[in-house]
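Note that subunit A is present in both complexes that follow, paired respectively with subunit B and with subunit C.
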Partner chain A sequence: MKLRSAIYLASATLAFAALTFASTLPSGAADKIDPVADAKAFQKFFTDKFPKVKYEDFVNGPYSMNEDLHRQWQEKEQFPPYEFSLEMGKEMFSKPFKNGKTYEDCFPNKGIGIRQNYPYFDEKEGKVITLELALNRCREANGEPPYSYVKDEMAALTAYMAFTSRGKPMDIKIPDDPRALAAYENGKEYFYTRRGQLNFSCATCHVQSPGERIRAEILAPALGIVNAMPIYRSEWSGMGTTSRRFTTCNSQIRGVPLSPQDDEYRNVEYFLSYVSNGLPISGPGARP
Partner chain B sequence: MASTIRVRATSSGETTEVQALIQHPMDSGFIKDAKGEIIPAHFIQQLTFEYDGKNVFTADWGGGVSKDPYVKFAFKGGKKGDELKVSWVDNKGATDTTTAKIQ
Partner chain C sequence: MTDHSLTKSAKLPAFMLALMIGAFASTGAAQAQSAAAEGQKLAFDRSKGNCLTCHVIKGGNLPGSLGPELIDIKSKYPNRADLVAIITDETLRNPLTVMPPFGRNRILTEKEIEAVVDFLQTL
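For the complex of A and B:
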């Protein structure tokens, strides 16, 4: 009897404690999706953590975190390794398809200077549309086979589109649509969820530890990380798209990557781009 | 196709600094493709920079050099407005040449 009453008492105290704890939280803060507040808090986290880094410099990934690397990169930028790809992209972009149309016909403003608006939420379809996806849809609509999402032609095209948008602030909008908010929230959840044998989330490296080394690499901050896409990685000896970055990140933590342009990857890109709103497009980038 | 060579040469009066980027697969011949078949060796064997009829820089390369190699060096002399000739030959006999004005 004595034991049982002790348990009653303890659980009653616990319940009471939980109640008082809950009442100290601002009402409903836990379950309300508030991208504006998220983005503000996200950016503040990085600017507080790295007070010496200039705001626009966050888009330069590891170079914003390390002075030596920054100097090497500036020298490299005189002869950027993505130049060949960029030239190829420019050529491909205006070259007509078999039916005479070009990529220009698929995009607003003929595809020039619009990188900062991608990914966007398509209210008709109820899903996030990335630039890579839009490019392949453009090809398919014109009777051309789609490109691989990870490198080569796709990277060349996005490189050219990013190049024409350099310096424009990322401008992702979340329409007043519960599905758009859900997509954003799903992307955020993916970003912060641990996975893989190494039990890493995206945030483990890119929020908790930017500027730290992971083996020989210096980790880039998540803030502005998508602004530099696509990138030439010396490690890959070639170009890679956002899709390539997501899938290789997942396999590096010994997780099973989703297929490129999976709904969840699109949502992550949506989340990451939204919280980087205001930072300039710097792609195509070059990374070690 | 556009030239495979990008080159920039700048004179400081006494010396000329040269930077070049060359587009080439530089396959070593030791790597297999996705099907498990060896990718045949294909690399630049000799790269030369010629100024005023003389070689100012020669590189004998092999399969150990990275894809799309980058070179930077400086030589004594070289006047602004003069021409610098760059050429390479690979193990399959392919070649490319370009000239750049020293700035």
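For the complex of A and C:
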């Protein structure tokens, strides 16, 4: 009983802390949802914090944070560790399904150079559609079983689609639909809410602390972080999708991860991509 | 609660008591030393204090840089209760802190926090 009430008390305090945190944010848009102002403030926060980092370089995560690392990254790009995944994705992408159709048939412009438009808000469905979700829906519509959102096949497909879109500025739109605005706001709220036994929000590490080290790792800035997805991580000895990144982040803070492509994760990706609008797609990326 | 947890909670105090008797039997100095050593173990353990993830600490490898270096703690925080409070829940003093609330979220027990403080005071 005692333990239970302690837990209730703890969660009440947590909720209070989250509220306090939210109200101290320099948003100025507390009473109305204003994505345009949010994105401007978000980008300014990072450019003020890192005046020496070239703007397009934010998409290179920890490698943008200091010169030594930047050099390491340039060397890595000579023999990129994601190359195998990229080849695999390219092959998968044009290989016909059992019914003779291919992924090309599911996407605008045959799926080439369109990464920057994902996620988008589907007004028919009233929900956010990410690239990973669209790929699995394409498979299912053609009678193929969906892939795991956190494994190599999905990483390979998204790696190829990102690669054909490299350099295109992220271009996420929020249609004039209250549900789209609500999805954006919900994603923003998730991003700034502390959770898990360690009491971290996404922002604790990727807004408050980018460039700092946790043990030997350098935290990436949230600005442009999605532009580099999917990523090869040395720590994982393999590729990771956006879904893998979100779920492992939640586990690392000793929280309970949501299911990949849960509405809330889709909304976070929508928010995070929107505030990175204008920055080039750089995926697939390589990370320490 | 279930019978199972009752037996468990009855056993725990007995175990603690045995531990405490053992502790009282040793000399004061040795006691402080072993508490500090235990605290260091907790501070460096990734599943426990994991202080090295964010703080430079003498004797620890691959420290992070999120928090300040833990040095001269005794002169910076002469009052032991301040250290206990920071580890227990630093968000009470600073809502924006990155530091996890080790006590509030039960990452460390009160006893473990005391041991970590013993260790910090040797730095």
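Just so we're on the same page, the second predicted complex is superposed on the first by the 259 of 288 C-alpha atoms of A that agree within 3 Å, B and C clash if a C-alpha of one lies under 4 Å from a C-alpha of the other, contacts with A are read in each partner's own complex, and residues count from 1 in each chain.
The criterion applied here is as follows: a residue touches a chain if its C-beta (ideal position, glycine included) is under 8 Å from a C-beta of that chain, and two chains touch if they have at least 3 such contacts.
What you see is a predicted model, and the numbers here were worked out from it, not measured in a lab.
**Q** Applying the touch criterion given at the start, work out whether A:Arg213 contacts subunit B, subunit C, both or neither, answering first, second, both or neither.
**A** Touch status of A:Arg213: second partner only.
**Q** Applying the document's definition of touch, where does A:Ala182 land relative to subunit B and subunit C: first, second, both, or neither?
**A** neither
**Q** Based on the superposed arrangement, let me know which partner A:Phe200 touches: subunit B (first), subunit C (second), both, or neither?
**A** second
**Q** Regarding the shared-chain residue A:Ala141, is it in contact with subunit B (first), subunit C (second), both, or neither?
**A** neither
**Q** Which of the two, subunit B or subunit C, is in touch with more residues of subunit A?
**A** Greater contact footprint in residues on subunit A: C.
**Q** Tell me the contact category for A:Val36 with respect to subunit B and subunit C: first, second, both or neither.
**A** In the superposition, A:Val36 contacts neither subunit B nor subunit C.
**Q** Once the structures are superposed on A, label A:Phe79 by its partner contacts, choosing first (subunit B), second (subunit C), both or neither.
**A** A:Phe79 contacts subunit B only, not subunit C.
**Q** Tell me, which parts of subunit B touch subunit A in their complex?
**A** 2, 6, 8, 19-21, 23, 66-68, 70
**Q** Can you list the subunit A residues touching subunit C in their complex?
**A** 1, 6, 10, 13, 17, 20-21, 24, 197-200, 204-205, 208-209, 212-216
**Q** Touching subunit B in the complex: which residues of subunit A?
**A** 78-79, 81, 83-84, 87, 237-238
**Q** Touching residues of subunit C toward subunit A in the complex: what are they?
**A** 1, 52-54, 62-66, 89, 91, 95-96, 98, 100-101, 104-107
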